[in-house]
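Multiple structures are listed underneath, in structure tokens.
After this come two complexes, each holding chain A, first together with chain B and then together with chain C.
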Partner chain A sequence: MTPAHFAFSSAFMLGLAGLAFHRTHFISALLCLEGLMLSLFIALSLWTLQFDSMNSASMPMILLAFSACEAGTGLALLVATTRTHSTNRLKNLNLLQC
Partner chain B sequence: MAPPIYSALIISLGLGTTMTFASTHWYLAWMGIEINTLAIIPLMSQNHIPRATEATTKYFFAQATASATLLFASISNAFLTGEWDILQTPNTLTYSLITLALAMKIGLAPLHSWMPEVMQGLSLLTGLILSTWQKLAPLYLIYQIQPTNSNIFIVLGLLSIIVGGWGGFNQVQLRKILAYSSIAHLGWMILILSFSPPLALLTILIYLLMTFSLFSSFMLTRATHINSLATTWAKIPILTISTPLILLSLGGLPPLTGFMPKWLILQELTKQDLAPIATLAALSSLFSLYFYLRLSYAMTLTMPPNNPAGTLPWRLNPRHNTTLMSLATTSTICLLPVTPAIMAMLPL
Partner chain C sequence: MSYMMYVLLFGLVLGLVAVASNPSPYFAALGLVVVSGVGCGVLVSSGGCFLSLILFLIYLGGMLVVFAYSAAMAAEPYPEGWGSWPALRLMVGYVLGVGVAWVFLGEGWYEEDWGGFDGLVGVSVLRGDMVGVSVMYSSGGWLLVVGGWVLLLTLFVVLELTRGLARGALRAV
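And now, the complex of A and B:
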């Protein structure tokens, strides 16, 4: 495993742990999701830089576009949740329990 | 919802799945899955009630995590082996990570905890799209990665069958029951995937058929609780005959279609010298059969105690076009004798 691979893998794992163990706020989970996408962006940019050709140069840009869409969706859901549940604390999302 | 927006979302749903089906590169497959996720989120939360918003939020988190993990595993595979082709994913670690990410996408145990709550918060039509259409793209990817090492699939499959049965025991909400039934059926599908991919395809197709007919039956009377099932006899009496048969077909009882995949899967597992696993799977599906039988009992064999015969509701024209539903219901009940023809068509 090259140092670059290790770097973005550990960044991804940290973000994933943050997302999986989200405890209080909605927005911190969204931030961890953005961190995941950022680590993948760095990974794809490093992949492009390892070759001399521009064949795979569009991949980080497309990832950026999809990540922006996802972030926008997440923020819209944050606003919707704050409107319906009156808070962005995750413990308040308890309407759908058994 | 305004028609242009609604049609744009439906077209995007179709586009996402088509992109994943048509791709041989992991990146395009990931893009198709992302488009699917983004397109269904407005559909899920369109009526802006708190339950729908909460269900959408939970769905969004689960699917976003799984998509990001899928892309991470593909990029790691590229860094380690230089391959972006879906059909050649030789590295074992990234292969397992891809399988787990796709399992979280479709809601297999132990990554299933989002599924019952999400289904509970949605309308029946959106729940139908979630159970059937949204599963197609990840299932296709799992089908394509040519599983060779069967351990992870057996573990996922057995856990899903057990959890899908046991989790539905105490439920009275129909959508949660349908979520657990989906988990159990996909468990059967993934159990056989490494041994005979055509059988897994057959299981998926029959599961889609049965789920579609059950959802359509519930949509006709807008039933979301066992209590509302119990008054079906007054609204649409024919449903009290067809829906229990669909439920028993989902449970896998012999003269009905649902027996076909279970039978063929048990036969294939026995041929591979895995009889204990086959026994465990068959016994665990008795859990699911319990709650299907409870639904059939509530629907057909009971009558509400305080309903005088003179207060039957007006039978207005049905709102839904029942053409597809009647086709699906007939296929769910009557397809078992066609098993030899189907087996001849699949390259088993």
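And now, the complex of A and C:
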């Protein structure tokens, strides 16, 4: 495993751990999701650059477009949650709690 | 200067440690800004100046700005800082995890592995990654149509999610 490969793989794993173990705020989870997308963008760009495969240079662009869609949807969910629950703390999403 | 890639890759991992162990969303947004800046440096060191520019303009200047002012919804009068015990514990745990993974996966890393490798066209105005992205407009035209359709669909999804007139109370948010 080359150092750059290790770097963005561990960056992805860290973002995933942050998304899974987020504690208080909903927007912290959304920001960790953005970190995941950023590490994937760097991974795909380094694929293009280090393997001299120019055809796959469109992959990070398409990834960025779709990750913008996902970020917009996540923020719309954040706004909807803040509207109905008056806060974006995760302890307030307790409708299914026994 | 030969250790530039080393420093940038370290910054990438440590920045995402900071995002994952954030005590407050403001610090997570700041960590993401640092990570995207360092990621741009990594891409430039590998010869991809166009993709690095795209990352700065679209990701940092478009998406993270929206996240930064949406973090105002998480405003609290006394936000936790980095010195608070849960954040410090998470940060130390993540750094130890990365260190353990380094020990197991880092065999055969010699000094020349850390340098940026720019194997594309030597001196030219047309860099490799820019030419590669232009393929998206020629052979990948249908992909652009699908991408545009997905973006339009997302616009309607967002409008539907935030339409509070009939279902939620009309609040100041």
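Assume the second predicted complex is superposed on the first by the 96 of 98 C-alpha atoms of A that agree within 3 Å, B and C clash if a C-alpha of one lies under 4 Å from a C-alpha of the other, contacts with A are read in each partner's own complex, and residues count from 1 in each chain.
Just so it is clear, a residue touches a chain if its C-beta (ideal position, glycine included) is under 8 Å from a C-beta of that chain, and two chains touch if they have at least 3 such contacts.
Since this is a predicted model, take the numbers as computed values, not measurements.
Undergrad: With everything superposed onto chain A, say whether chain B and chain C fit together or clash.
TA: With chain A as the common anchor, chain B and chain C both fit in the superposed model.
Undergrad: So, A:L49: does it touch chain B (first), chain C (second), both, or neither?
TA: second
Undergrad: If you stack the two complexes on chain A, which partner ends up touching A:F66: first (chain B), second (chain C), both, or neither?
TA: both
Undergrad: Can A:H85 be said to touch chain B (first), chain C (second), both, or neither?
TA: first
Undergrad: One more residue to check, A:I27. First (chain B), second (chain C), both or neither?
TA: In the superposition, A:I27 touches chain C alone.
Undergrad: As a test of reading the superposition: which chain, chain B or chain C, is in touch with more residues of chain A?
TA: C
Undergrad: Return first, second, both or neither, reflecting whether A:L40 touches chain B, chain C, both chains, or no partner chain.
TA: So A:L40 only meets chain B here.
Undergrad: First (chain B), second (chain C), both or neither: which does A:L77 touch?
TA: Once the two structures are laid over each other on A, A:L77 reaches both partners.
Undergrad: Can you report the least C-alpha distance between chain B and chain C in the superposed arrangement, rounded to whole Å?
TA: Nearest C-alpha pair, chain B versus chain C: 5 Å apart.
Undergrad: Pick out the shared contact residues on chain A: the ones touching chain B in one complex and chain C in the other.
TA: Shared contact residues on chain A (touching chain B in one complex, chain C in the other): 1-2, 4, 8, 26, 39, 62, 66, 69, 73, 77, 80, 83-84.
Undergrad: For the complex, which residues does chain A have touching chain C?
TA: Against chain C, chain A makes touches at 1-4, 6-8, 10-11, 13-15, 17-18, 21, 23, 25-28, 30-32, 34-35, 38-39, 41-42, 45-46, 48-50, 52, 54-58, 60-62, 64-69, 71-73, 75-80, 82-84, 88.
Undergrad: Within their complex, state which residues of chain A touch chain B.
TA: Against chain B, the touching part of chain A is residues 1-2, 4-5, 8-9, 12, 16, 19-20, 26, 29, 33, 36-37, 39-40, 43-44, 47, 59, 62-63, 66, 69-70, 73-74, 77, 80-81, 83-85, 93, 95-98.
Undergrad: Within their complex, state which residues of chain B touch chain A.
TA: Those in contact with chain A are residues 27, 31, 34, 38, 41, 45, 48-51, 53-58, 60-61, 64-65, 68-69, 71-72, 75-76, 78-80, 116-118, 120-121, 170-171, 176.
Undergrad: For chain C, which residues are in contact with chain A within the complex?
TA: 5-6, 9-10, 12-13, 16-17, 19-22, 24-25, 28-29, 31-32, 35-36, 39, 42-43, 46-48, 51, 54-55, 58-59, 62-64, 66-67, 70-71, 73-74, 86, 90, 94, 97-98, 101-102, 105-106, 109, 113-114, 117, 119-120, 128-133, 135-136, 140, 143, 147, 150-151, 154-155, 157-158, 161-162, 164, 168-169, 171, 173
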